[in-house]
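Multiple structures follow.
In what comes next, subunit A is part of two complexes: it sits with subunit B in the first one and with subunit C in the second one.
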Partner chain A sequence: MRFTYVHLLFILHGFAWTIGLSALSFALGGIGGLILMLLRTSRVASVRWVAAVFMQIIQGIPVLILLVLSYYGLGFAGLDVPPLVAAGIGMMLYASVYLADIWRGSMESIPKTQWEAAECLPLSRWQTIRLVVIPQAVRISLPSTVGFLVQILKSTSLASVVGFIELTRSGQLVNNSIIKPFLVFLLVGLLYFALCYPLSIYSQYLERRLHVGRRQTQ
Partner chain B sequence: MSYGFDFSSVLPFWPDLLSGLYLTVVMTVFATVFGLVAGIAVATARRSRVKSVSLPAGIYVETLRNTPFIVQLFFLYFGLASIGIHLSAVVISIIAMVLNVGAYTGEIIRAGLDSIPAGQLEAAECLGLSSTKIFFYVSLIPAIENVYPALTSQFVLMMLMTSVTSQISTEELSGAAYNIQSTTFRAMEVYITIAVIYVLIAFALKLLFVGLGRLLFRRKRALRNLSRVRLAGTQAVAG
Partner chain C sequence: MSFEVEKGHVAVIIGQSGSGKSTALRCVNRLERIDSGRIEVCGHAVEAPDLDVKLLRRDIGIVFQSYNLFPHLSVIENITLALRHTKKLGRRESDEIARQVLDRVGLADKAGSFPEQLSGGQQQRAAIARSLAMSPKVMLFDEVTSALDPQLKNEVRRVIEGLAAGGMTMILVTHEMGFARRVADKVILMHKGVVHEEGSASILTDPKTKELRDFLEYDL
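Moving on to the complex of A and B:
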């Protein structure tokens, strides 16, 4: 069979859902990541410890299994949820543990003297984090965060296992009917590339800009 | 509707899980070894001054890094089958994994090679070391040492990535789980079981890499102390 306009439209429809799911995953993962990051850097040792163990466990489970678990888990909790919700929750778990790690690293790279100066002023711990540390840490974390956005985009391709029709799944369905794997998956790959490559370049640009000072001193 | 967990229905299938685990480990070992070799080749090619060598290496890295693994897998699996090349799913999976991880390790090792000061290479030349010796002992091994944490965490991610190959019917851990749940209908129990197994493998792999790092890079501890001193210095300046 020939590759027709209908097939292209179907794939583009999946493409739009890939963008939608990525945006949702990043938004949910961002909220989860921020909370986890705060718990992970808490002054209470037991809270820190629980957050660290949780993050280690989630980082040790493949995204595919996270998605499957969230799909069946919600089902067994008696909730009949659409694939978008199941995929969104699975992706949220995945994104939040990695984002929490990236952001914790950025926060910890803020010199200790900044914390001490804030304490002298005297800002509360929450004020210190909100007004002194986070504004500086955001700049440091930006290259890695944008880089991780590429990982999120690529990982949404696994949402097909919970019945979510995104770009990869739509490509698979089209290929099943017309059996032109090179053409279909090349097109699908190109569409992913068109989303991911600019983000990768932007991440590298941010990275370079961040290290302008260091490069000059070396 | 209430649902009672019943792990005992999964228990009889432990031989399937074990053979799945075995395949996951085998694929991980293959992809780590060949991925490292591919990474070194790619990094060297990308740093080449000859444009016709560095440009294809760059295109390879950017293409593989900016498309999902599952699409690469489908492209190879269904694509090769459509032109009459029938390889087993396991072979295709390992090829796809090596190609994929080679791009990532290539970038990591390149960063490591870039971090070697030119003075070190010049010093080695002055000592009269042969160019192969310089490449291995002065350039490559210290480069890998510098990026060792990033490199090993990439290999852990790659181990997790093996689960994706179940989508082309490779019967590694996830594939085995899929088969078990389709006969027992105990999906939640099966997937929780293999999630625990994955966490344990990831943990074991991290421990293994830390141990291996200690064994391979004995200088590391001395170096780390040095960098700590240097870091304290830069922080004092920044503050």
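Moving on to the complex of A and C:
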């Protein structure tokens, strides 16, 4: 069979869902990551410990398994959820633990003297985090955060295993009917690249700008 | 160690590096943990475990050697941050106070600049203005001119001398003996973690102990 306009449309539809799932993963992962990061840097040792163990566990499990676990786990709990929700939750777990680590690193790179200055004014600990530390940390973490967005985008291809029809899954389905794997997956690969490459370039640009900015402050 | 600073007076702590000057100063607003002893500042028992550190620090301003301005905020935002979030003042009122203190340190024209655009001396004066804006009852200065070039030290010293003349209670840690002589009502020599000699500024010209004599000789 020939590759037709209908097949292309189907793949582009999957492409749109890849963007959608990536955005969802990033948004949910961002919320989860922020909470985990705050727990991980808490003043209470046991809270820090629990957050650290949770992050270690999730980071030690492949995304593919996280997705399968969240799909069947929710089913096991008696919840019949659409694949988007299962994929969204699995991706959220994955994204949040890595984002929490990236952001914690940025927060910890803010000199202790900034905390001291703020707490002597005196701002409360939470005001210090919110008004002094996070605004500076965001700038530092931006290149790595955008870089990680590329990883999230590529990882959404794994959501095909829970029956979510994103770019990879739509490619598989088209290929099943026309049996032209090289053509189909070349197109799929190019579409991923078209999304990821600009983000990588943007991340590198942010990285350069950050270094220029930091040189000036010294 | 033990010493007292009267209201409206300026105490200057001198001594070799590692003699505990900065630690002593930082204990006054609980930046360091206090293992034993008593410190009283404006009615606060600083060493008390149940002390409300925030209330204590509302009465005490501190200026550091490395300025520690917030690099992501403009000079005026550096100053209004605590006015708005700790004192809960409105924007207009905070801006008004910020402009007054900037005027006092001679930086009225730098309100909109960012710290990285200022010289070290200007940054340090902005940091003093930031503390001053909270109208503290006591101000602590931790080697605030040490990181500055000689010509910039002077502009910061002048600001501090102005505060002394205005009756601000201050404790300074410094290595500059000429400056100490000019502003001090009381000079405290720290040596190996204790107050070794204490007296009026005259002890800088007429030291009683060998350590102070040695220390002053090194300085010249």
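The rule we apply is simple: the second predicted complex is superposed on the first by the 212 of 218 C-alpha atoms of A that agree within 3 Å, B and C clash if a C-alpha of one lies under 4 Å from a C-alpha of the other, contacts with A are read in each partner's own complex, and residues count from 1 in each chain.
Please note the rule applied: contacts are C-beta pairs under 8 Å (C-beta built on N, C-alpha and C of every residue); 3 or more make two chains touch, one makes a residue touch a chain.
Since we're looking at a predicted model, the values are computed, not measured.
By the touch criterion defined above, A:P122 reaches subunit C but does not reach subunit B. When the two structures are aligned on the shared chain, A:P135 is found in touch with subunit C, with no touch to subunit B.
Between subunit B and subunit C, B contacts the larger number of subunit A residues.
By the touch criterion defined above, A:Q114 lies against subunit B and subunit C together after alignment on the C-alpha atoms of chain A.
Applying the stated contact rule after C-alpha superposition, one finds that A:Y205 touches neither subunit B nor subunit C. Once chain A of one complex is fitted onto chain A of the other, the partner contacts of A:W49 are absent, as it touches neither subunit B nor subunit C.
Overlap of the subunit B and subunit C interfaces on subunit A: residues 113-114. Contact residues on subunit B toward subunit A in their complex (touch as defined above): 1-3, 62-63, 65-72, 74-75, 78-79, 81-83, 160-164, 166-167, 174, 187-188, 191-192, 194-195, 198-203, 235, 238-239. Those residues of subunit C lying in contact with subunit A across their complex are 29, 31, 53-54, 57-58, 60-62, 64, 66, 68-72, 81-82, 85-86, 115-116, 130-131, 134.
Per the touch definition, subunit A reaches subunit C in the complex via residues 113-114, 116-124, 127, 131-132, 135-136, 139, 216-217. Interface residues of subunit A, counted against subunit B in their complex, comprise 56-57, 59-65, 68-69, 72-73, 76, 78, 111-114, 150, 154-155, 157-158, 160-161, 168, 171-172, 175, 179-182, 185-186, 188-189, 192-193, 196-197, 200.
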